[in-house]
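Every chain is named by a letter (A, B, C and D) in the order it is written, and numbering of its residues begins at 1.
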Amino acid sequence: MPRVVVDVMLKPEILDPQGKAVHGALERLGFDGISAVRQGKRFEIELDGKEASDAVAEIEEAASTLLANPVIEDFDVRVEP
Amino acid sequence: MRIGVVTFPGSLDDGDALRAVRLSAGEAVPLWHGEPDVRDVDAVVLPGGFAYGDYLRCGAIARFAPIMESVIDAARGGMPVLGICNGFQVLCEAHLLPGALVRNDRRKFVCRDQRLRIENARTLWTSSYTAGQEIVVPVKNGEGGYVADEPTLDRLEAERRVVARYAGENPNGSYRDIAGVVNERGNVVGLMPHPEHAVDELTGPSTDGLGFFTSVLESVVGA
Amino acid sequence: MTVDTIENAAKTPDDPQPWAELGLKDDEYARIRDILGRRPTSSELAMYSVMWSEHCSYKSSKVHLRRFGELQQETSVGKLLAGIGENAGVVDVGNGYAVTFKIESHNHPSYVEPYQGAATGVGGIVRDILAMGARPVGVMDSLRFGPLDAPDTQRVLPGVVAGVGGYGNCLGLPNVGGEVVFDPTYARNPLVNALCVGVMRHEQLHLAKASGVGNQVILYGARTGGDGIGGVSVLASETFEDSDGSAGSSRRPSVQVGDPFMEKLLIECTLQLFSEGLIAGIQDLGGAGLSCATSELASAGDGGMHVVLDRVPLRDSTLAPEEILMSESQERMMAVVEPASVERFMEICRTWDVRADVIGEVTPAGRLTVEWRGETVVDVPPRTVAHEGPVYQRPYERPAWQDDLEAASPSSLARPSGGDALRETLIRMAASANLCSRSWVTDQYDRYVLGNTVLAQPDDAGVIRIDEESGLGIAMATDGNGRYTKLDPYSGAQLALAEAYRNVAVTGARPLAVTDCLNFGSPEDPGVMWQFAEAVRGLADGCQQLGMPVTGGNVSLYNQTGDTPILPTPIVGVLGVVDDVRSRIPYGFREPGQIIYLLGATRDEFGGSEWAHVVHGHLGGAPPAVDLDVERELADLLYHACRDGLVTSAHDLSDGGLGQALTESVLRHGMGARVWVPDDLDPFVFLFSESSARAVVSVPHGEEVRFTSLCEGRRFPHARIGVVDDAGVLEVQGQFSIPLDELRRAHESRLAQTFGD
Amino acid sequence: MPRVVVDVMLKPEILDPQGKAVHGALERLGFDGISAVRQGKRFEIELDGKEASDAVAEIEEAASTLLANPVIEDFDVRVEP
């Protein structure tokens, strides 16, 4: 079944407290060499029937109105094999 | 004067907002999210809560509720609209107000009594206060951090559109301690703290919140 | 996939069945065969195994719990409208209002997945309250964790607190109280007990029974998925720790994810269904899912029900019938509806966007039958599933170590002497895990929503207004002290009762009724079983003495890690009524010049005390003496003092004694106090003893005479111990003084330091 | 700079209220042909210096204890080009 994935991440200039907290926790666990962690959302959208490539344009539209708020977030839409 | 309070599925503070309207001698009108328009009300309150569960992003789904089209039109036409907490988030999602509200910097829901400074006492919702006045009302949110890009923030400051600021501790990481903003025209106000929970000494930390509701009553009657 | 039908079962009597894996004992399995006259089908086996699990059948605890049923079934206001055995007890609070409340545990799931475990714990108890016909109006949470600084507490506590808040806040129910207690025995075995309270008019009461042949059985709410399958039996009958102690293995029960928004819709939808009179019987779906709801409804009603399992809307189409019957998917309810009302029922569900399906009907025969793909997979007498499960007389015996524990009196422990040492002790106690400020936790809970919260944290009890006009309200508190209970389970349970009772009374309320959650180790350990039996006996005797019924509750057993059980932890919730919430009493000193009185007698009592625990890590001796008659006198005194406006603040004394109560009272509004030690008391005992039946109150300057004559008239011990001032220090004359800032830092920073701001 | 991405999704048998809400909203907005939506988390971990491939094993470990709860969630760790 075709699947479209949308990743939504906070824009770099917006503070990401969750990513920061994960970064801190990783360091406490002894992982070093990490320079930054960002946390965002991942949507997996299963399409029935429709060709995934046809749907991408529609989903781009949905991403910019609903799934992401362009004031604070960037998004990326792609068809997953 | 008739003040409508919109109930979305998942609205929680609608009852409190209706009570606050009544206590300030307005006529409280419950409105349902599925109605096509705001009927004959003179002002609208979008209350706190978790409309549609708010699982995606607060206010993101409510913004598309049937009644919102009419709220957006009315707001553009100058009707007083107050969004409290979730309502503020809805107003930002609907682009009636600039900026956005993000997860609290402490990553926890926070409920506490908060000191606020009223910065602009000339909006339709704050005229009962004096500029610089400090009040105490509850704040309770998980995604109450107000953010916007620097130019927007600068413009808000320059145009005196920051309505209220957190005094004392900033509970959620809001940029420039912003607790509430108003649109250019001065009729649409978004506020993260909850004045409707501060209308009765018995159930709130103060009665300081009444001013928002008496303001709109006076301004519309006076207009 | 072949389906095990009753025909098939009759033909293949010797097919091996996994009854042991499902937690059934061999005699239990034999009994099922006996009841059915054949081997059970796999669906029947699933139903019996979950319904006969400890969690659902109370098989080890039942014989003891009967004591609660023997208590009077009325309160000082009126008869109980529903008691033990219903989803929750219902108490008349006057003016035509009734209140329903209950506490329930979700301990094991909260260890496995803290956020969701705690969240669905709140969701489950809210549905119990809703099923009685009431609008839920508040929640409370009683929590126990391992040591504050243990690594696992770092994982469990923030998740549990976020889950309680996440679910309750999203439902719009104010959180009005609870507890947070730390002890090493709760490491890997946290306790998450959630309480919900609801309000209705008398005539709105609904009961869980399926009566009226031909009435339709409707399942509504969320779709059924494969979550929590087998959870009930596995959770309640075995410890969830694997032998290697690792997390996340396949033997772990699966956990459900809650959808509070769905539950909010379910509440509003159900309340509208009630108000239009469309519901003849109703039951929430909780542990054991459909197995429980169908068998309990049928068993309590006319005794017959037919269900077509194919009509259950599924989230996962591959589920087998036994899985559908066992699924614990959240946010579902089952209603029994007259045929003529079905259409309107469906219409209301549609307005709320709630899915509803007719899945069966009430039948005359005394059988519960379940059909799947046209064949019968279940055909059982419902009572044998729901109400006539096994009952055990587990052996119990006072443990051999109990004598040594009692003999290890705290009297030999080194006590602080001199002002500096007392000062240091007071600050150390105020900052200790069990006494420090809970605001890191409670700030994550919405206490304002619904606009009727008159008192909430940090006050001694939550007070909720239920009638805006008359000011009628209710007060609620939960308490439990595992250390006291370990020293003496009988008194420990009574001390928990006494404390909750007192916490309700200090707000000016009249205590009416009790709910309880009994958290203990394995019932297969005779020592644990003795603790359990003694605690129940103590609680029942205590309720009788105070004239309060136990209206319902919950038992959670097998709380242990390896062979080590948790401290025996009976949590007691007390409900009280407030005639007019406008006269409620908060705690905390507010006005300089007011006089501070200590009510009640202070004795040298340190067994199980917070002081012995914090300073010496000691547990031994006897807990403080309980005298419930004196508790009642204190409650009565406070009720009258409150009604006549003679006190402006009141705070009960419990863990940490007077020192802790003073600390909290001065910090509340930043008022100082000057306190003196009565001549007949040692300063250390005065400050840290945990004698019961005591409270500290402040009296306005002009009311001293009236107040003291009230006490004298009742011969109730009272001592004038200090005065409120605005000097910014807590001073104990002749001993020490502490600036409030210093005290505040000690008391308020601990949890934030541990768990991060 | 090397980047490791961790996707965390609820297991298929676990209820996903967030995905359900998004699915409902997309339908109300007129996007049809969608059979299911699942919403999960995406972590972007920037490494300084270290070879990303070396870090993956370490991050797998962290994912199972910190970023995901394997009782209810699946996760996937990969190096992003």
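As a working rule, contacts are C-beta pairs under 8 Å (C-beta built on N, C-alpha and C of every residue); 3 or more make two chains touch, one makes a residue touch a chain.
Keep in mind that this is a model prediction, so the values were computed, not measured.
In terms of C-beta pairs in contact, B-C outnumbers the other of C-D and B-C.
The most distant chain from chain C, with centres taken as the mean of CA atoms, is A. Taking each chain's centre as the average of its CA atoms, chain B and chain C sit 36 Å apart.
Chain A and chain B have CA centres that are 29 Å apart. Averaged C-alpha coordinates give centres for chain A and chain D that are 9 Å from one another. Shared interface positions of chain A, i.e. residues touching 2 or more other chains, are given as 21, 66-67. Counting only residues that touch two or more partner chains, chain C has 259, 261-262. Multi-chain contact residues of chain B (touching two or more other chains) are listed as 52-53, 55-56, 60-61, 64, 106. You'll find the chains touch as A-B, A-D, B-C, B-D, C-D.
Listed in rising order, the residues of chain D touching chain C in the complex are 10, 12-17, 20-21, 64, 69-72.
Within the complex formed with chain B, the chain C residues making contact are 162, 165-166, 169-172, 259-262, 264-265, 268, 352-353, 439, 442-454, 465, 581-582, 757. By the touch rule above, chain C contacts chain D in their complex via residues 112-113, 116, 222, 225-227, 247-248, 252, 254-259, 261-262, 315-316, 329-330. Taken in their complex, chain D has these residues touching chain A: 1, 7, 9, 19, 22, 25-26, 29, 31, 33-50, 55, 58-59, 62, 65-67.
By the touch rule above, chain B contacts chain D in their complex via residues 52-53, 55-56, 60-61, 64.
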